[in-house]
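Presented sequentially are two complexes of chain A, the first with chain B as partner and the second with chain C.
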Partner chain A sequence: MAVKFRILVAKAGCDIHERGALTMIHVFRDAGMEVIYTGRYQSEANIARTAVAEDVDIIGVSDLTGGLPVICRKLLRELKGLEADIPVFCGGLMTEKDKEEMAAMGVAGTFDTGSTPDLCLVHVRNILETKCRSEGKAYGKDDNPGTA
Partner chain B sequence: MAENTVKMDRDKDGLVREETQSGIYVKPVFTPEDLADTDYTREIADPGNYPFTRGIYPKMYRDRLWLKAFLVSYDTPESTNAAFKSYMEQGMNDLRLTCDLPTQNGFDPDHPLAMASMFCGGISSYAINTYETMLEGLPLENVVYEGGFMNVLDAIYFHGLLVAMIENRGGDITRLLGTDIADPIRSKLVYGDPSWPTEVERRVLMDHIEYCLEHTPKWKPVVPNGIDPCQAGMNAIHELGEVIAVSTAIIDDFVKRGHTIDEFGPMVVAMDAESDFFESIAKFRAARRMWAKVAKERFHAKKASTMKLKIGIRTSGLSLQARKPLNNAARITIQTLAGVLGGVNSIDACSIDEALGLPSYEARMFTLDMQHILAHEADIPLAADPLGGSYYVEWLTNELEKQADTYLLEVEKRGGIYECLENGWLYQLMEEDRLRVQKEKAEGKRLIIGYNAYTGEEGTLNQAVGKAACTVPDEKVREERIAEVKAFRASRNQEAVKAAIRKLYLDTKNGKNISRAVIDGGKAGLTIGEVCGVVRLGYDLSYDSVNMIPTPDDVAAALKDIM
Partner chain C sequence: MGRMIIRELLERFDRRDWKVLGKAISIVENQEEGCWEILNHAWKTAQAECLVVGITGAGGAGKSTLIDKLIRICRDRDRTVGVLAVDPSSPYTGGAMLGDRVRMNAHSSDPGVYIRSFASRGSFGGISQGAKYALYLYKAFGFDVIFLESLGVGQAETDISCFVDVTTVILAPGNGDAIQLAKAGTQEIADIFVINKGDKPEAEMLRLQLMAEFAVVPEEYRPLIVKTTAKDGTGVEELTDCFSQVSRRLLPARRIKQQIRIENEIFTGAACFYEPQLRRYAKELTQEVLAGTATPFEAAIRLGSKILIKDQGGIYMQMREAIQSRKSIRGYLPEPVSKEVLEQVLELATRAVSAINMQPWEFAVVTGAPLDAIRQCNTEDLRNQVSVDIPEPEANGIYRDRRIEIAKQLFKAMDIKREDKERRNWWLERGFRFFEAPVLILVMADEEIDPLVSRLDIGCFTQNLCLAAMEYGLGTCVQTQAVMYQRGIREVLKLPESKRPVVGIALGYPEPEFPANKVVSCREKVENITSWTGFY
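Our next item is the complex of A and B:
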């Protein structure tokens, strides 16, 4: 049976730049995924709780002020505390150093403002399909039309 | 011809669009015909003459160049102080203050939401101690300060800190010179800022304006902001309409309080120099003409100075690319030039590394030097409004005004800008504009060099730019700031704090102008979180705008018998 991927798009703290997140919400929806958006002014604890409650397959964190390493570190800790095995990727403002730091802490993908939406989408699909395969779940290509 | 000859195609790489960035169709050529119905004296006029299309001063930059500013705010008050001083030596001539996002929202560093975004955007200036360090050795009087903040809380609080500091030094607060770039529409529309509800912002703004007019007359207490609506999605037509509509709504409220527009004086707005060169130039010219007409016809301004619109611009942060950041040098130069040719009064131009991190020193210096080159090498400012009379530019100015007027009629029909904010129409409009651009980018109808066109490998020069950008401090420094604010609160004169909290609460509750209470609160060391929360309590709201923390014990104790 085909599976619709569920993705939580999240913003933590006080970052108000929403344009990237709003763009990706449309991209993921157009690609056939179910997208839940936390809105702004969220705590990492709340994001983790929401991810578990909504039973999402992956979390995308957006931040445009340079806070991604701090946010991801906290979010991963919160998810571990809830024993939730949900991959986290992120998009926004980041330096090369930030990308290295986040890869080392276990963030599943880092997309700076120079990445195209398609690049992010392909990567996210890869993560999800790998996850499905490792869990022995079926996933449907026809649920996720669009590029790539 | 040999088989392996590279084919050269002269027709490759042609234009992919025929419209401006906002979708206005542009003919291949413009002629005097296009201006046949435009009367020079009535619609364009010489610079310094109503309706000020060509600029608000007769000789524009011949008399004085535009103000060159940056938002300067790093992770500590000390490093921000050092940055101010070094930039001033290099030619920056006004001081743009800001602070990190949590502080702008009214969250002290120890609020649960502050950690994730601390130092993002600037210093954590939670109280007067941080300001004293940040401005150590810098003059407070007769130097232009521009407050780049998000909402009315910030405007009144940080203006209050500057007044408090001048009073503490025995100085003359009438010499405080500058602006607060904040308005109640954009704080909600773009930021979704929870600090104070719109009705509270709207009311406190009037208090703040009245206080400033009486006590700090050289301080502009409100500057309607089109920059952030633009960056969040609004096209040039809607950004233009937005600043005119917000300015109109503010003067409407002001006049309802029994004042005249002449008491308010000239309006100052903040706008964006976006990618489209000529559209941005025309936008600034149209803004001046539109506001002059509103000031004269709707509000019956008597003085010519009241009808002059001052424009401060930011170049487009959104246009900056993380890939091949050297290209951003071209972008910021073109956008700055649009501001100069558009006759604006102050320019805060971005740095080439801003898509990667906080600006590095060298990147800032390029931004300043670029402006020195425009002024002194390229001789751009010699003649005022040099594009005046251009068939294309005058036509585009007219067209932008026409389309913005249509939009403004729609806003009026729907009950005014505040109503359009409340019912979501304004947000929807902004989102539609944003989606249109997203679609154009995806379909290759809007080319962004290095992003969806002409992508290429970065070499050492480009990589060096990326490596120079500043990163934001991590958890350790943030924890220090949390400890610091707690220690600061404990170090204050508790009786003075209690008195300040009570006064602010009672003045709010009794419908008084709270400016004095905010200033005195600042002197007593009230943090921005406390000022935000106490005013909220005065309006029978919860202390914390996001309901994550209860009213602090000492605040509750201070108000025990009067709440």
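Our next item is the complex of A and C:
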């Protein structure tokens, strides 16, 4: 059986802006992935715990407060504390300097407000398929049974 | 995942390390390597004390929000909680948005609460196969209370009820009138009805309608009705108390549910096993239907007989199973067996070994009126106490013991008492009537061939035939009895003198409920009859 990709879309802290997260949830869902949403106002510790309990393949953090480097740093630390090797990418408001900072700390992708959903999707797929290949699992074109 | 890693995972699982529970669930949900090892372990270590509560109802009725409040109360009472939440997969893309957690995220930092989301992945019963499997893992992990939230259901998703101890159906006011409540399906499985959004004025009306609907049911069987307002927690404490109250009442039903569950597990397990093969054939057959050479309905029947279900429900077996489960069938269904099937069975069976490939066998296959005529002759001869042409083999010592043992088993199954002469005669006569099987295959040898040689080869053929018949769902009984009286067979089949009947095989579709068919004969232990030389 082809592996189903599970992705956690997360929001941390006091950010009310949900549209970006909901839009990307829709995009990932339509790409045949199982998307778990944390809802708003989570702590980084909660996001990490949720990712491990749900055994997701990747975490996408959405934030529009400008706090992404802080959130990602904390989240990566929490994940490390749980011995969880789950890639993290993020989207939202960020400066070029933020991007560099996050790339340096090991964030697997940064998408600012100008990015298209497709760009993000292709990037996420690449990460997941590479991960699958390295684990010797089948990743499926038949993720989309209904569109054959 | 390798064996070592699975073992390590199970060790951590037994230590209640929640971090591996997520991995274990993924493995069983995706049926990855190690899946059955984990499930077997979970089944054996399951905790009987935990209470499994199913929460079902239409999308938007407030299931997740209610569970959020239920978790709080359970935690206040110092009980650990596991939640399985199922949301729908898209039938178009296979993707899913699993959003039940959003309502429960107040608990995501609580180590006493574990929540896992599942996509339905094509299951129709309101819960997914993955969630069913994960439930066994939860039970083994030993949560005090387990909430299983079905996806938003409509009218017919009743699967959930046999997987949980208490089924809770959540209704929201404004979703239909008294006629909706009178319908079959989801309404029938409720042990508890929750009327959520109880702050709405219509909620009271719904409660009265529900009470009226169940007024015809004796009081002790009526589902409980609880009014809640999940968003502020009103009535949730009362609902929690209802769970233990109802689960006590339902104790007798637990066993029945368990049986249904086991049957369901075996069935779906086997179905999973065959599904890839079935799908592949279905794809091939689709082309035939498109080409106009078959209708979908003909194709379906052909698919069934091609790979899985042969004629009367026989199933492609592994060699081991076939040899292990072969037994003598002494009660048959009246259905005839087609010549085509018999030809295939014989063809397969004649692959048997024979000395210097002499194949010293010939067959007479009899059915219908001629077979009845032979039965008639045998019955007459038996009643007139005519002495048999071929005597029964003598059996002494342990051989006699074994013979008596099987006779005892059969008589016990058929409820024939030792002193009941009439019934014993009836059973004997039944044997001479080939157990009323629709077909008799008579195996003969040419007089020219030394019987010592031909009998051995025919023995090999006979076993082959019994196994080949199983492939088509057919049962057999090998009978020396069938050739003890030769008048009937010789007359009806017009056998020339040069042909010697060696053995008869009664054959037909087994009557599953016939008591003697359930008898499994004993076997001597191999160690008692084998000497080993040169082994250390």
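Keep in mind that, in the parts below, the second predicted complex is superposed on the first by the 143 of 148 C-alpha atoms of A that agree within 3 Å, B and C clash if a C-alpha of one lies under 4 Å from a C-alpha of the other, contacts with A are read in each partner's own complex, and residues count from 1 in each chain.
To be clear about the criterion, a contact is a pair of C-beta atoms (placed from the backbone, for glycine too) under 8 Å apart; a residue touches a chain by one contact, two chains touch by 3 or more.
For clarity, every value in this text was computed on a predicted model and none was experimentally measured.
Undergrad: Taking the superposition as given, does A:53 touch the first partner, chain B, the second, chain C, both, or neither?
TA: second
Undergrad: Of the two partner chains, chain B (first) and chain C (second), which one does A:112 touch, if any: first, second, both, or neither?
TA: In the superposition, A:112 touches chain B alone.
Undergrad: Please work out whether A:43 is in contact with chain B alone, chain C alone, both, or neither, and reply first, second, both or neither.
TA: Touch partners of A:43: chain B and chain C.
Undergrad: First (chain B), second (chain C), both or neither: which does A:28 touch?
TA: The second partner, chain C, only.
Undergrad: Taking the superposition as given, does A:69 touch the first partner, chain B, the second, chain C, both, or neither?
TA: first
Undergrad: Identify the residues of chain A that lie in both the chain B contact region and the chain C contact region.
TA: Touching chain B in the first complex and chain C in the second, residues 26, 39, 43 of chain A appear in both lists.
Undergrad: Going by the contact rule at the top, pick out the chain B residues touching chain A in the complex.
TA: For chain B paired with chain A, touching residues are 100-102, 104-105, 107, 112-118, 120-121, 150, 190-194, 231-233, 318, 321-323, 355-358, 431, 434-435, 438, 442, 450-452, 466-467, 469, 471-472, 474-475, 478, 546, 548.
Undergrad: Taking the complex as given, what residues does chain A use to touch chain B?
TA: Interface residues on chain A, with respect to chain B: 12-16, 18-19, 22-23, 26, 39-41, 43-44, 63, 65-67, 69-71, 73-74, 93, 95-98, 112-114, 116-117.
Undergrad: Within their complex, state which residues of chain C touch chain A.
TA: Against chain A, chain C makes touches at 18-19, 21-23, 25-26, 30-31, 89-99, 101-103, 105, 108-109, 114-117, 119, 121.
Undergrad: Using the touch rule from the top, collect the residues of chain A that touch chain C in their complex.
TA: Residue positions touching the partner: 1, 3-4, 6, 25-26, 28-39, 42-43, 45-46, 49-50, 52-55, 82-84, 143-147.
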